[in-house]
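The two complexes that follow have subunit A in common; it is paired with subunit B in the first and with subunit C in the second.
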Partner chain A sequence: MEYLAYVAFGIYVLIILTGGLMAVLCRSMVRALVGLILTLFGVAGCYLLMAAPFIALMQILIYVGAVSILILFAIMLTRAPAGAEEAPYIFPWRSIAALAVAFLPLAVIGGMIRSGQVTPLVPPTEVPLAELGQTLIEPYLLAFELISVILTVAMAGAVILGFERRIGK
Partner chain B sequence: MNGITHLEMYQFVALLLLGLGLFGLVRRRSLVGMLISVELMLNGAGLSIVASGQLTAASGAMAQLATLFVMGLAAAEVALILAIIIVVSRRFGHIESNNLRTLRG
Partner chain C sequence: MNIAPELIHIAVALAAIAAFIGLNGLVLVWLERKVAGHIQRRPGPYEVGPWGLLQPVADAVKLVGKQLVRPKVADPWLYWSAPLLSFTPVFLLFLTIPFGPRLIGMEFNLGLLLILAFSGLNVLALCLAGWSSANKYSLLGAARAVAQSIAYEIPLLLAVLAIAFQFGTLNLSTIVHHQGPMPWQWNVMTQPLAFIIYFICAVAETNRAPFDLPEAESELTAGFHTEYSGMAFGLFFLAEYAYIIVISCVATVLFLGGWHGPGAPGFWWFLLKVYALIMVIIWLRWTYPRVRFDQLLNINWKWLLPLALVNLLLTLIFVKM
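This part shows the complex of A and B:
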């Protein structure tokens, strides 16, 4: 049975890779957003494989349900030309610089991961939902309250920024 | 699997997401594309946190909730950036990061 988990993991990694490349390379913003959504689903699958179904559902609910819709709003509200294409590249200096920027942390952190001394716990156990709730209101109480403040401030800031032209006049 | 543990496999996937996000953040020229890249990196962070909680002796509940907080922060950040992008596109008529050179509005 264990090889099935490897097959599922491979499929999820393939989904993440395809979606990530689409999100980074497609010139059309809408296609890039579709790639991002694909990646989000792949990551949700990885959460399921790690026996964390609650986080997988939250991933789909928050990221796919809310965040990508907000990005779609950002694409649609900026009055970009149809499909919101970026201008083509004349010479790929920018891509070369981007490759260098991405490769350096990858090499450093990859080496650190390989030399890690952590003993892994192989079959991950599912945390019951009641224990998650208990953790949320005991060790994480302050963070839990603070994030509600942050969400309120962000929403208020977004509304104020949206009205800025009327105030300016 | 020549000595690669499950934890390392998930951490490498998270690292892949970080690399893709950094690549996109530098390469993209429109603000929306950069926002999409930042989301990729945040997802990698969440995956890494959950992997290090669920696959080691550390507390799984703490890790899962930390990822939940990352998701909440990402939602707040996207709402704010959406407003900023709309303001920029109103003032400049475009959202190309190369041509945004005026600071004082």
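This part shows the complex of A and C:
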């Protein structure tokens, strides 16, 4: 059964890369967003492979089902519908620089792998949901609460920005 | 090479689900038109076959035979992928629903979460359909679909979460096993508020009247699927009916005791309850007028959301006591 895992990993990586390239290269904003969604799906698949189905489903529920739809909503509200989105074609230098930046993590991680000893990881096992919750509210309680504070601040900020613009008009 | 029996089980389940969806599509089209007819004091379809029973077959043949047309300025890839994206997740949704004591596609600890996660894809499909059609009515329909389903998803999740808290699991079979055969042993008795909130939100999530603003035909022609013809429209239509069955199935599992029932437990009780819920949904559609958009959002943010939160809090208190 192990080769199945390799095949699945290959498929997920292909999905992630295709989505990523679509997100970067597509001229139409909505198509780029579809690329992003494809990438998020691939990442969810990788979570499945790591025996974390809860995280995988949460990824789909939150990122695909809510976040990307809100982005799509924003695009629909700001732009004229369909037809090609006009984005001027930028060649050489920026693309080359972007490619170089994309390969930077590969070089760093590759160097680390070459220099250090790499031991194969043990096959991951699924963590029960209750245990996951326990770790969130016991050792990581502070971090967990800080995330909620950040979200609250972001939300309050968005509301304030929205109101200020209305008063300005 | 030997194939794992679980895989064979899942493959058989998927084939059975496909048959179930197709058959139910036909039955529900007939049922909806017949019920609508009787509610409006007319006979409904009666020409094709006995009691008009073959009417949905005639409809289906008509849909399949129609030409698929795409507006010239529409984005071809997104335009054609939208109906497929709307329909394909449906197969996954039925996979973890326990139809009977042994009749289940796949035992999965996170079955409830799987259904909630993949049913969210429908909104994405509606959005892509509305945007890529390059038509102002489609776009307005899509914008409404987003505002509506994002809003109603929150109280829906909170209502479902109350049940998950009560039993400490997301496994649908376990939730059914915790309930008894008699109606007073079902969750609807301990969680009546959650049931009402779930039901209202679920009807809104499937864009059914009185919450059918994304496809309000008197204002938006046909909303997000204005430009779709033939089977492209047919897929949206079939997906909508499939989602109605899914929400009725989930309601049955969570609140109405699943396949439990007085006398012999089995899938017949399950189907009976599901069809009773579907009848209520059809009845609602032909009884109430469409809500206005501000009413729609007010019901959600001012009533359902606070009530769902209060319900969750009460559940927590009772569980911990």
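Here is the rule we use: the second predicted complex is superposed on the first by the 151 of 169 C-alpha atoms of A that agree within 3 Å, B and C clash if a C-alpha of one lies under 4 Å from a C-alpha of the other, contacts with A are read in each partner's own complex, and residues count from 1 in each chain.
Here, a contact is a pair of C-beta atoms (placed from the backbone, for glycine too) under 8 Å apart; a residue touches a chain by one contact, two chains touch by 3 or more.
Note that this is a predicted model, so its numbers are computed, not measured.
Participant: With both complexes overlaid on chain A, does A:Gly10 touch subunit B (first), subunit C (second), both or neither?
Facilitator: Once the two structures are laid over each other on A, A:Gly10 reaches no partner at all.
Participant: So in the superposed three-chain picture, is A:Ile60 touching just subunit B, just subunit C, both, or none of them (first/second/both/neither)?
Facilitator: A:Ile60 contacts subunit C only, not subunit B.
Participant: May I ask you to name which of subunit B and subunit C touches more residues of subunit A?
Facilitator: B
Participant: Taking the superposition on A as described, I'd like to know which of subunit B and subunit C A:Gly162 touches: first, second, both or neither.
Facilitator: A:Gly162 sits against subunit B, while subunit C stays out of touch.
Participant: Report for A:Gly20: first if it touches subunit B alone, second if subunit C alone, otherwise both or neither.
Facilitator: A:Gly20 contacts subunit B only, not subunit C.
Participant: Once the structures are superposed on A, label A:Ile113 by its partner contacts, choosing first (subunit B), second (subunit C), both or neither.
Facilitator: first
Participant: According to the stated criteria, A:Val34 is in contact with first (subunit B), second (subunit C), both, or neither; which is it?
Facilitator: second
Participant: Shared contact residues on subunit A, subunit B side and subunit C side combined as an intersection?
Facilitator: Shared contact residues on subunit A: 54, 58, 66, 70, 73, 75, 77.
Participant: Enumerate the contact residues on subunit A facing subunit C in the complex.
Facilitator: Against subunit C, subunit A makes touches at 1, 28, 30-31, 34, 37, 53-54, 57-58, 60-61, 64-66, 68-70, 72-73, 75-77, 81-83, 129-130.
Participant: Which residues, counting only subunit B, touch subunit A once they are in their complex?
Facilitator: For subunit B paired with subunit A, touching residues are 5-13, 15-30, 32-33, 35-37, 39-40, 43, 46-47, 50-52, 54-57, 59-62, 64-65, 67-69, 71-87, 89-90, 95-96.
Participant: Note which residues of subunit A are touching subunit B in the complex, please.
Facilitator: 9, 13, 16-17, 20-21, 23-24, 29, 32-33, 36, 39-40, 43, 46-47, 50-52, 54-55, 58-59, 62-63, 66-67, 70-71, 73-75, 77-80, 84, 86-87, 94-95, 97-99, 101-103, 105-106, 109-110, 113-114, 116, 118-122, 124-125, 127, 131-132, 134-136, 139-140, 143, 147, 150-151, 153-155, 157-159, 161-162, 164-165
Participant: How about subunit C: which of its residues touch subunit A in the complex?
Facilitator: By the definition above, subunit C touches subunit A via 4, 73-75, 77-78, 108-110, 113-114, 116-118, 120-121, 123-124, 127-128, 130-136, 139, 142-143, 146-147, 150, 153, 168, 170.
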